[in-house]
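Okay, got some structures for you below.
Common to both upcoming complexes is subunit A, partnered first by subunit B, then by subunit C.
Then we have the complex of A and B:
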């Protein structure tokens, strides 16, 4: 177990800049998710940490040990690949034992260790199977067992759940999280799925264009995104773009096509162009002819018309046009959701809205 | 339905076309008569006995086996390495190298033979003999291994090797424990075809055979110039049996379907 420090990493593939000056410190025992669209550099970073690629510039430390010049087999990492990369010619048992055999452990020690790890990932009884005889979830757990069996300093996971169906994926998130906690192992988890990152990670690093745009705890990232790109990558967001028009108490005032609105935001927000980010679950709907709440509560009210609604089971996704061509997505409970064409008022608390400067 | 029946008929015709000469050779070898004739006159194994008792033939037979074994060994190592290099490191030179390694298959073999003969003469005076034959056969066998291994490598997932490295395996251990077992079927089937090809090779052997270094096909050719009896057919039958055994054994052990599926 050890911390991971990435210092000014840069990597190009020919003309393509994969990583452009990436620095990050990951604490001992922490799980950091690298989140970003494809081609953002997250997998490249993981491969640099694993040693499958060498950085053009920068340094990588595991604890106080500098590893960027070391071959992969000397770094002591455990890695779970997106396609699992299980050895097809070896059984589950042999796959898991591979890393221990390479470390020349004694037979008895290997047997005990493999048995313990297979019990931990609940694969007892499948030791003699070949990977092609396993379900996706079993392959996934075999890959995890193989990565953990050597007690590596760091655990690297490259979209490990991408090939599983939705139900299993959700279950495996918690499973991976539990195992990582129990081992207290420092882990890097690459994904393009924001909900996966939210569930799993202590901190999420959002990567775009080979740089880290923001590193934060999931709640921070969701509620206080650094800019519009981060906001729209983590979760659904409505955006009101306008000009910064001063402050009122804790809130910023922003002049937008739907009038003057208020929202919280970072200290020293730069203007003049800013974006107000409104999460669908923070918006409430009221009937237009029955403004049922006193207007003195400080809530912002935006009148509009319902243009579309989609039934999602637990809630209804309502689209309200509040100005010409400006549609807000609102989450409403099915029994309260207005019909299409109805006039409504969209209301929100300025404290739940967040302003970011135009990038 | 009619289409399927027509296809089956067509396949039957093609198989008949391919297999009939073999049937004729085998039947001719079992001929009791004194000459290579068809249809055979009675049944006898006397020509096989004649073959087994003819010292020139048995020598040539053993020599061909040894030659094929050596050539296969060299061609398997070189062809596999070549395929690995082309698949992984050749980058822009890949296409050119692929053509180069397969070239012996596309050249008329007699040209390869002549070229090698001239080349060996330029090196030293004793151009014909065992050494030249081994080199020549290795060259014409390499394409078989190269192609078979290339096919398997095309479906090879490099992350398997990375996984092994990550688990602490050195590059050599990774090759031995992961890469080789997985491409092994391709290597083995390439080797099988190399062996069969070397054993039956004629044009290159014709150019490079020397005193005391006469492969079986050359010995047979010499024999047929003076004696036209069914011993030749018996030798042919032995050849066919050898090839069949090699293919069946390979199929049994590794499965030749790797050659068109790319992986097991």
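Then we have the complex of A and C:
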């Protein structure tokens, strides 16, 4: 096991800049998810770490060992590909044994090790099957077993769950997480699915345009995004855009089309144009008919009208127009959700709202 | 009405197959059957035409003559050598080609296919200009003070011609099995600790066997039945089976003998291919 350090990585493909000065340190045993839209450079970074591409500039270290000049077979990485890349002409057993055979282990040692890993990923009894005779989930686990069998110092996963159906995907998230923890292996996980990244990762690195925009623990990333792009990529968000108008206690005051609102934010927030990010689950609905609750609790209240609602089973997605053309998404419990056309008040605690500067 | 449509749906595939089947029956199966029939007829004696009664004598003569076996062996040998050489030359070419993208790939593709635009007779004459005793290659050797080589009117010239003409077929056959997901599988092997050579031996080569199989069969069959190239580049020094058949039929007017020779070669080639299919089938188990 070892840490991974990426230093000022840059990579171009012809005219296209895939990576533009990317630096990141991943601790020993940590799982970092690279999250971003397609073409953001996350897969390129993974391929640089694996050695399938060479960086134009920068360095890659595993622990104290510099690896960016090494061929892939000399880096000691385990990789799980999006399409699994199982060898179709080899059985499950042969696929998993491949890496050990390349390391010229003794036959007996190979047999024991393969058997142990297959047990771990629950593929016992399928050793003699060819990949095409396996279900998607079984192929996925074969790929995982093949990557783990050599005890690599680094595990790389390239959207490993993208081709599974929703139920299985959820199950496999926890499975991968458990195995990674048990092995204590340093892992990089590439995905464009933010909920996958949230569940799996110790830290998430959000990549955009070949750069890391923000690296943080999932909660930090969600609650305190660095800018609007991160906020809207990680979860649903409502945005009130306005001008910074000073502070009140811990909160910033922002002049918006719906009046003056308050929100927390980073120290030294730059103005004048700022965005207030409101998560749907932090917004509460009150009927406009009822007398105002005492505003001493410091909550911000925005009157509006329900323009649409969508029933989602466990909750209702309510859309409230609080100003001309400005609609907020609010999550309400089904039994409390107002009907379309009803006048309501959207209320929130300024501590749950977050301000970011305009990029 | 509905019944009629159902009936049509059942027969539609056969109806669509009918035109090609008719063409094949008329221009392939029928002449072939006729050739087999002729091979059992009694040859002409003293200027008469061949005709009944039916006899096995042609086959007795054909199979009993060691000369025919020698020619067959040579024909098969040249065809096998051609298939092998085309594979050795075509494999890296196809491997490289399939990993190119966009305009580069299109241009390389045109280079591979362009020779097919020139007729095989013309290309054979082209090789004669190069390979003749007083040809381009030998003048070059002379300039360098090296001894003159006999490069045509022998097996070498024939195989060179055959390889050149049938190489595109090999490359086209290999393209399919060297592309697709193979590049990614090679990366997977490298990531698992296999160096370049072992990646090739354990992943690339076994997975390209379907292309290797179809390419070698195609080139072998084409080369074995080739008539123009061995005639021109072999002169009369290198006799192959198709030339022998043509000689019997066109020069000696011994149709039954020629027909039995042709049938002999067909049967033998089919037998070889059957063995090859079995062999490769075993090697390709698991792919597909």
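One rule holds for everything that comes next: the second predicted complex is superposed on the first by the 357 of 359 C-alpha atoms of A that agree within 3 Å, B and C clash if a C-alpha of one lies under 4 Å from a C-alpha of the other, contacts with A are read in each partner's own complex, and residues count from 1 in each chain.
Note that in this section a contact is a pair of C-beta atoms (placed from the backbone, for glycine too) under 8 Å apart; a residue touches a chain by one contact, two chains touch by 3 or more.
As the structure is a prediction and not an experimental result, all values here were calculated from the model.
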Overlay on subunit A: subunit C relative to subunit B, clash or fit: clash
First, second, both or neither for A:78, with subunit B first and subunit C second: both
Partner chain(s) touched by A:102 [first = subunit B, second = subunit C, both, neither]: both
First, second, both or neither for A:50, with subunit B first and subunit C second: both
Touched partner set for A:146, first subunit B, second subunit C, both or neither: both
Touching partner for A:61 - first (subunit B), second (subunit C), both, neither: neither
Subunit B versus subunit C as contact partner of A:87, first or second or both or neither: both
Touching both subunit C and subunit B, counted on subunit A across the two superposed complexes: 50-52, 71-73, 76-79, 81, 83, 85, 87-89, 98-99, 102-103, 146, 150
Residues of subunit A that touch subunit C when the two form their complex: 50-52, 71-73, 76-79, 81, 83, 85, 87-91, 98-99, 102-103, 130, 146, 150
Contact set on subunit A toward subunit B in their complex: 50-52, 71-73, 75-79, 81, 83, 85-89, 98-99, 102-103, 146-147, 150
Residue ranges of subunit B in contact with subunit A within the complex: 157, 159-160, 162-170, 173, 177-178, 181-182, 264
Touch list for subunit C against partner subunit A, complex: 181, 184-185, 187-195, 198, 202-203, 206-207, 284, 286-288
